[in-house]
Amino acid sequence: MRRARTWLPGLLLVTPSIVAIGVFVYGMLGWNFQLAMTDKHDQVSEGQFVGLQNFIDIWDQPRWHLSVNHTIVFTVVFVLGALLLGWLLAFLMEKGIKGEGTFRAIYLFPMAISFVATGIVWRWLMNSGTGERAVGLNRLFDWLGLPQWQWFRDQDWGMAAMALPAIWQMSGYVMALFLAGFRGVPEELREAARVDGCTEWGVYRHVVLPMLRPVTLSALIILGHISLKVFDLIVAVSGKQIITDVPAVFMWVAVFDSNDPAKGATIASYIVVSVAIFVIPYLIWSVRAERRTVRPESGSLRGQRGPSERDHEQERRS
Amino acid sequence: MTAVGGRRAKPLLWTRFGVLLLFGVIFLIPIYVLLVTSFKPLTEADPGQAWNLPQTWTAEAWRVAWEKLAPGLWNSVLLAVPGSLLSCALGSMNGYVLSKWRFPGADVLFTLFLFGMFIPYQGVMIPLVQLLVWLNEATGLQGVFYGGIPGLVLAHVVYGIPICTLIFRNYYVTIPDELIEASRVDGAGLLRTYWSIVLPVSGPAFAVVIIWQFTSLWNDFLFAVFLTGPQSWPTTVMLNNIAGAQATPYSQQMAAAILASIPTMVIYVLLGRFFMRGLMAGALKG
Amino acid sequence: MRRWLTAVSITMVSVLGLAACGGGGGGQATQSPAAGGGGKQQVEVFSWWTGPGEADGLAEMRKIFEQQNPNYTFFDAAVAGGSGDKAKALLQSKLQASQPPDTFQGHAGAELQGYIKAGNLEDLTFLYDELKLKDVFPAQLVEQISVEGKIYSVPVNIHRSNVLWFNPSVLKEAGVAAAPKTIDEFVAALEKVKAKGKIPLSIGSEWTVTHLLESVLLGSLGTDAYNALFKPGANWNSPEVTKALESFAKIMSYAGDPQDDWQPAAKQVADGQAAFNVMGDWAYGYFHNPPEGGLGKKSKTDFDWAPAPGTEGTYLWLSDSFTLPKGAKNREGAIAWLKVAASKEGQDAFNPKKGSIPARKDADQALYTDYLADALKDWSSDKLAGSIQHGVAVNQPWLAAINEQVGLFIGSKDVKALQQGLADAATANAQ
């Protein structure tokens, strides 16, 4: 342990952030969780402690089941879709291509636009009219000879359609992550593999892809938490309709329409917990992995290496 | 950029190009519809004619949209510029300390910070409003924390700390420790080292954070509508008032949507290269 | 806790010093309304009137207000979004933080119950007495907006919910002679239209289906039984309600693809794609007004209207009203605004623009033509029933529960589950 004089200034420098996070994140989370454990089901009652009753009761509501199912469908389609598309785009661009800058700009720009702005277009595009009344994408599909469907108004797979605007918005970002990952693979490594007799495909299979695993994981985490909290997109495209209900929208309705703070807090807690279930292990894992590779002797600042080397080492271990 | 082409056969290159182009076109579909509709007169601005070019081009919708949106655009500038700069400052300092000037428990703290990225904001809105109102009263600055842009900046900066810290920290990890150590040996303290060694090489990380925060501050609706009042409403709330109002002509809604998006798109075009460079340098790698 | 918060706030302020400097002019632009400068006091009026027509009507009332009260300035705090969704959420957070606007818009009736229970609103009986408002509003209206003998809002306008809009040429083509008068006739007409390949009934997003439900309930149960549904202990499990909901399911089976909102659904009727649409009378302005906020269609030829099937003689009403929140910064200013909102002059300035009729009985009839003339006539003679979807008959939590059940029904088509859900909602929320 180093002397306090060396680390104290650093601690002081981050103190404002610690206080802010303490109040705004953990204070609010605590407030929320405490509220979720009361029976404050309207604005005026005091709210008695009821333990986890609200967390159990909510499973009796058909709407809750629906919104959980919707989230699962949305998450699977959105996360897989954005990962695959982002990966594909990065893969196609990896070796450099004419107009790469333009392509990158086109794929990235949806990230720049809010759904308050594009919701109106997506509503048009995903209009459910078919046949003679087809407009938007259905009209386009009609011209192209593709099958038409109800988009987000489809009773079973509506949420898969709802994932399209989200994929549109985030796959460019995933592309950028993967492209950075691809290009972070040192050429010498590829060359070495080729010398060892690997085919071009073998180079990808055994050298490049393993090194992309950390990038894939962080993309997965970022996409996953966006997906579990999704709100703006749904409200912008469909409003508060049951057919596209998700927990975040349900919570909004519970708090502001049903005037049921405890129920809203319960749903919020479930969202936080669902995010936490896969984020906390990831955070702990990544901090630990880093500690093992980056700082062999704890407390020392020495022996730290560049990120690509570090990733490589992680890969070799795993 | 390392362009290692040439190894592959021409047809394959064209296939790649073709697929990229196809996706490029698909990505631009919503923008095409936004653009052509915004130039249509009222009678043509209809979902049924979404794909058609305007028969008569008119910029009337743009004029009206500009009139309605202008005050919000200025408020958004006042919000997004100081907000993203502050986020950079805090994130950079946090990242520096958590990667190069560790204190006991720094890793635990970092993990606790990161978890802040994941809370659903709708759930904290009511206590947040109450806290800001209380700050108004405690400081005697009416209409600053609650009802004004500073309060909105505060909320965004605070909830932006996790992601900004993450980006800077992951970036700073790549700075060789020898540099820091050498500076220390020379007798430089925490801040001098930051100023002379770390800050000069932080460009790419700043670009990533500025892009990220500017975009989320500019595009945020939820905090904005709850924490500000009509005089301090940013663009998104004004846009919602245009697009959400019953029976506003579609051409106006779409023109307003484009207008509201121009600043963030410009940032992406201007800083896009640095964004990529920052990502490649390890920012956001997790 | 307090001391700790102070410590936090000091840290925050130091952080924010930077932001405030960076913010520049922001400081001035964000003064709270009451502190508005120059001897003139601001009155913050909170509404969701931002669209064409409604915003114009509000501007007209504002003119009158500022003329009559030279020492006040009107401060427009309108937030848009489907019949006040976002505005209501924002309002709640303001009220809970004890930062009420000076006056806010709300649907007259049960929608205000939550605010009343939470002690957010002042009793306006004194204003009704002072202005003798009980004499100029219909007695049944006063009765339906009173809560335990007190009145908490001033209705500015009246809209009608139970209007059946139809396209005369589509009806003619399908061989439907006249607008259906009963639910059975309605179903028969829908069937005829279906046979011709047109959309029998156009619908919008889920709330428009709840809107349809209230007209079907009223048409099937009759006015008294409908009104009784919202009394404590009402029986939503009765066979009559079952029958009404079965009719509703039958009618819904003729519905076209759901549109984004009520306008595109109404437009399908105007464009001759669909035969019928049940929507409130704000649709009239949309059909009739010239482009820039309307479709510019000719009434009686391009589109026509009738009371929803089975509801003739009953006005299924809703009303926008203004309130006096407790703790308003400018209470006197708010009362001055309420006086304008209640006055004949104010209502006659507002309503022709908004496309609604005044709540007052002494309106200037010459100002209301075409559909509005019909509405004014019916308003003075019809029995009254309160709208569900638009906040008269049920409070907000109850409405949220009903909307949830209707949304689930659209997916499941299960009448039994719908009835059970509605009954549970009534038990949980009726008071």
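Each chain gets a letter, A, B and C, in the order it is written, and its residues are counted from 1.
In this section, a contact is a pair of C-beta atoms (placed from the backbone, for glycine too) under 8 Å apart; a residue touches a chain by one contact, two chains touch by 3 or more.
For clarity, every value in this text was computed on a predicted model and none was experimentally measured.
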**Asked** Looking only at which chains touch which, which shape fits best: line, ring, star, complete or other?
**Response** complete
**Complete:** Computed over C-alpha atoms, the centroid farthest from that of subunit A is that of chain C
**Request:** Using the touch rule from the top, work out which pair, B-C or A-B, shares more C-beta pairs.
**Result:** A-B
**Message:** Need the CA-centroid distance for the pair subunit B / subunit C, whole Å please.
**Reply:** 37
**Prompt:** Roughly how many whole angstrom separate the Cα centroids of subunit A and subunit B?
**Reply:** 16
**Prompt:** Hey, what residues on subunit A touch two or more of the other chains?
**Reply:** 16, 20, 23, 127, 252, 255
**Asked** Multi-chain contacts in subunit C: which residues touch at least two other chains?
**Response** 12, 15, 82, 89, 92, 96
**Complete:** The positions of subunit B in contact with two or more other chains are 47, 90, 125-126, 240, 243
**Asked** Within the complex, which stretch of subunit A touches subunit B?
**Response** 1, 7-11, 13-14, 16-18, 20-21, 23-26, 28-29, 31-32, 85, 88-89, 92-93, 95-98, 100-114, 116-122, 124-125, 127, 135-136, 139-140, 168, 172, 176-177, 179-180, 183-184, 187, 200, 214-215, 217-218, 221-222, 225, 229, 231-232, 248, 251-252, 255, 261, 264-265, 267-268, 271-272, 275-276, 279-280, 282-284, 286-287, 290-291, 294, 301-304, 306-307, 311
**Asked** Residues of subunit C touching subunit B in their complex?
**Response** 5-6, 9, 12-13, 15-16, 18-20, 22-27, 29-33, 35, 50-55, 75-82, 86, 89-90, 92-94, 96-99, 261-264, 282, 286, 291-294
**Residues of subunit B defined as touching subunit C within the complex** = 42-43, 47, 75, 78, 81-83, 85-86, 89-90, 125-126, 129-130, 133-135, 138-139, 142-150, 153-154, 157, 225-226, 228-232, 237, 240-249
**Asked** For the complex, which residues does subunit B have touching subunit A?
**Response** 1-5, 7-8, 13, 16-17, 19-20, 23-24, 27-30, 33-34, 47-48, 50-51, 90, 93-94, 96-98, 100-104, 107, 109-120, 122-128, 131, 155, 158-159, 161-162, 165, 170, 173-174, 176-177, 180-181, 189-191, 215, 218-222, 236, 239-240, 243, 250, 253-254, 257-258, 260-261, 264-265, 267-269, 272-273, 275-276, 279-280, 282, 284-286
**Request:** Can you check the complex and tell me which residues of subunit C touch subunit A?
**Result:** 8, 11-12, 14-15, 82, 85, 88-89, 92, 96, 114, 117-119, 199, 205-206, 256-260, 273, 396-397, 399-401, 403-404, 406-408, 410-411, 417
